[in-house]
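Order as written gives the chain letters A, B, C and D; numbering starts at 1 within each chain.
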């Protein structure tokens, strides 16, 4: 665990100059594309993800249609140039299938699926640049895209990663460099308003004593992200609204 | 490359011996571009073609063609229902497979279809789609398989001509006779000037390769149903080339007609 | 009428013929179809042959390349036969990776070649542990009308007999290879194994050189490979049991046929070399 | 979405009058936005948006051994990925046919030595060369994919920085290549002759360029012409259907003319793009 010690310097700064509980800069935009029903772009540090939502629409494969709920269909894909080493295929490998599934599970927790029986919602995410925390960025982007599409959700679903630095300090929003150097990474997808955890995944062995600390940190991160996303949504809606002139109408 | 468990595997790596030839031969006969385009006889200059139907007894329709030294065999089977199709489609489909035999080229070909073969399959499919009355075979698929036994240029054109004849023999309804011709343009030497470029129908020798034009033609209405070109050719010259090719297609149409007539006469007897 | 009857009641159609001691194509039970061998028709290959037995057509082409011998067999080159049953030869095959049938037959052909020792793999070695020839012998069935193994073996052997390899000057110290294509030498083929296929119909009638319909309807198939006077291989994948007597009778017939086929191959190769 | 006969007639008449649905004339493109250097860790990249068509191109470099047939040439490979973001039809392997067709057309357009000289990519004859991976990601499909992609590729290649080779150490079969890691010590690729693809559509009696999705439905025949400076490097008919020879020639002339114009506009834009600008990517 000697490597771990270098993750935070004596004066409490991380490799990229952040403090332990700081997120990377998040920049996002909704409504990037015209053709999908909803789309969003998010940058968390250098990690960049595009998400597009189509639907709700008729179920493509009729046999899969459900009479009481809608199907959430997700596809995770990584651009071949998104990593340092060029990838051979953008999708179809085990990791991306797993990612699609996890994304689907996180979204199923918040979307009001019972409002759309016999229908299907497609959520596609495309990673343009991978620099750690791919899954959280995908979840956050997908949340924004779903809001952009106007699909009712129970609340935001946000995701964040956390780890333990120097065996004592919990650390938030891990970059790729820290992932490589550090130990176990905890990925949490949560509903920050109700404080419920939707999905939790651990990359390595981890002492149970440390779990509460790290988990709390990750949940705090989710809450911080929610604030940022919320603001982005409000700005977007205000922008869209003002362009249609709703703020000025007095009727 | 992943190991092929379904075939016998030899050494991991082998190289063609042609790479180490002591005397590199100049096999390409060279003509300057001006000569070619001025030469009014060029339309008759396409290589000798031998065309025969009914070569494969197991198939519904088949044809064997020789263009110069190029030898191709094409078969057509009975229309089958389109596989993995959920909705009813008003138009039929064509599926084309274009394959070189492993020993057909100077360099050994692998068993799996490579990019060139896939591209040729696609060009062949597009060309034949406009010749076949697809609306007469709704919801059905006609499979066309072509195998190049020896390649000496114009393989794709040969496959298209032979496929047209094989389709006719199989009784698939068609709008017209389809023909095709390839023009390979070769460079006399390494100087990259267009003036030095030479043109000639059907030249072997991949080293001096400069560009290729292939057209495919339906004759009753003078329609060009497929054109594909590579190389770097000035627009006006390209038009000349296409005119030349189009003329040479006309003379092939006569051969195709003769072959089909023979087939019909044989059938009546 | 006959065509309709044949496709509706194929078994009865054939039985009716057989009860008159004749086959639908006019042959007697033990008659073979005519064989045509054409050698060296593919110029891009190092050796090639097209063989027709009746309507069954097989083309074989050999491409020679250079490689390093295997470390455990440093004095040997490679001969890799491979049978393709492409979708174009019969409607029962699909394009894509080789079918089970193609894989099984490829293995059978490779075994026959190895057992008969018709090619000495050491002839293919140029320099021990450094350089050797690898001969890719690709057999492609162009028309599948029964007795495929027979056609494949004739095609492969005539093809190997037509193979000519250039002389190579190899300097192992500098790793310089020089190929002299003006000096082409033929490959030595020591033996001529010939395969003969029989079909057993209704457990009793033995048909020589069956066509595809006969193969499909019969109750057992038997392939005998003979090289000169020696028996190389008997391949009988299940089906009707045969008595020893019947078996010996088949072997005798195969021996006779092997002689005539060998003559045919040699003649074809000799004419080409003239 | 399929169009009705009346809608098709409307489009047809518009083309006849040289005044299309969106107010363009027959030779006009829709507005384009181009940004280079969008993908930070690629050697070169470009992001092009043509109306609703969105294409991202990144160029990656690797050191590889050249093909034995062309020992003095580098390698160039096009890979097209149709993202499902563009349309749900592309999910899974749905976009593969289009991707292969596009990659093939690009490969044959860049095949000629005059169009793109791969000999510059050779490091050591017969042993080492650069391999260029041109990866194209299609993020949104609003018609006219071929043109947009070719422009983006040309811009990405213009943006590409090939590191200089510092030293080559040969030790028997072992060849080690030292690559300069300084950002300033790079070479540019000459893209002067790199072809531009122009999709031409015949509607009624006229040719148009840059068809929108609804115009694409009205065409009786369409063709891609790859050209620069009046030299054609690839022509290919799209879809099935046939043309008369005269129409073909009309296409060719028109295609060359438009390609020249496009190429000039692109080269001018590329010359004026400032390198220092912080890129905005999708945030704009």
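We adopt the following convention: a contact is a pair of C-beta atoms (placed from the backbone, for glycine too) under 8 Å apart; a residue touches a chain by one contact, two chains touch by 3 or more.
The structure presented is a predicted model; accordingly, all values stated were derived computationally and were not measured.
Enquirer: Once the contact rule is applied, which chains count as partners of both chain A and chain D?
Expert: Expected: no chain.
Enquirer: Give me the set of chains touching chain A intersected with the set touching chain B.
Expert: D
Enquirer: Tell me which chain's centre, taken as the mean of its C-alpha atoms, is farthest from chain A.
Expert: So the chain farthest away from chain A turns out to be C.
Enquirer: What chain pair shows the greatest number of contacts?
Expert: Looking across every pairing, the one with the most contacts is B-C.
Enquirer: What whole-number Å value describes the gap between the mean CA coordinates of chain A and chain C?
Expert: Averaging C-alpha atoms per chain gives centres 62 Å apart.
Enquirer: Measuring centre to centre with CA averages, how many angstrom lie between chain C and chain D?
Expert: About 50 Å separates the centre of chain C from that of chain D.
Enquirer: Please compute the C-alpha centroid of chain B, do the same for chain D, then give the distance between them in whole Å.
Expert: Taking the mean C-alpha position of each chain, the two centres sit 27 Å apart.
Enquirer: Where in chain B do residues touch at least two different other chains?
Expert: 15
Enquirer: So that we know how the chains sit together, what is the shape of their touch graph: line, ring, star, complete or other?
Expert: Contact pattern: an open line, chains touching in sequence.
Enquirer: Just spell out which pairs of chains touch, all of them.
Expert: Touching chain pairs, listed by label, are A-D, B-C, B-D.
Enquirer: Please name which positions on chain A make contact with chain D in the complex.
Expert: 27-29, 32-36, 39, 41, 43, 46, 48, 50-52, 54, 60, 73, 75, 77, 79-81, 84, 86, 90, 122, 124, 126, 128-129
Enquirer: Using the touch rule from the top, collect the residues of chain C that touch chain B in their complex.
Expert: 41-45, 48, 55, 57, 59, 61-70, 78, 80-82, 84, 86-91, 95, 97-98, 103, 106-107, 110, 134, 136, 138, 140, 142-145, 166, 168, 177-181, 212
Enquirer: In their complex, what parts of chain D are in touch with chain B?
Expert: Residue list for chain D touching chain B: 68-69, 100-101, 104, 107-109, 111-115, 193, 223, 227, 230-237, 239-245, 248-249, 252-253, 256.
Enquirer: Under the touch definition given earlier, write down the residues of chain B that touch chain C in their complex.
Expert: 6-11, 13-18, 20-22, 55-59, 62, 69, 71, 73-75, 77-78, 97, 99, 101-106, 108, 111, 143, 145-147, 149-152
Enquirer: Once bound in the complex, which stretches of chain D touch chain A?
Expert: Residues 39-42, 45, 52, 54, 56, 58, 60, 62, 79, 81, 83-88, 91-92, 133, 135, 137, 139-142, 281-284.
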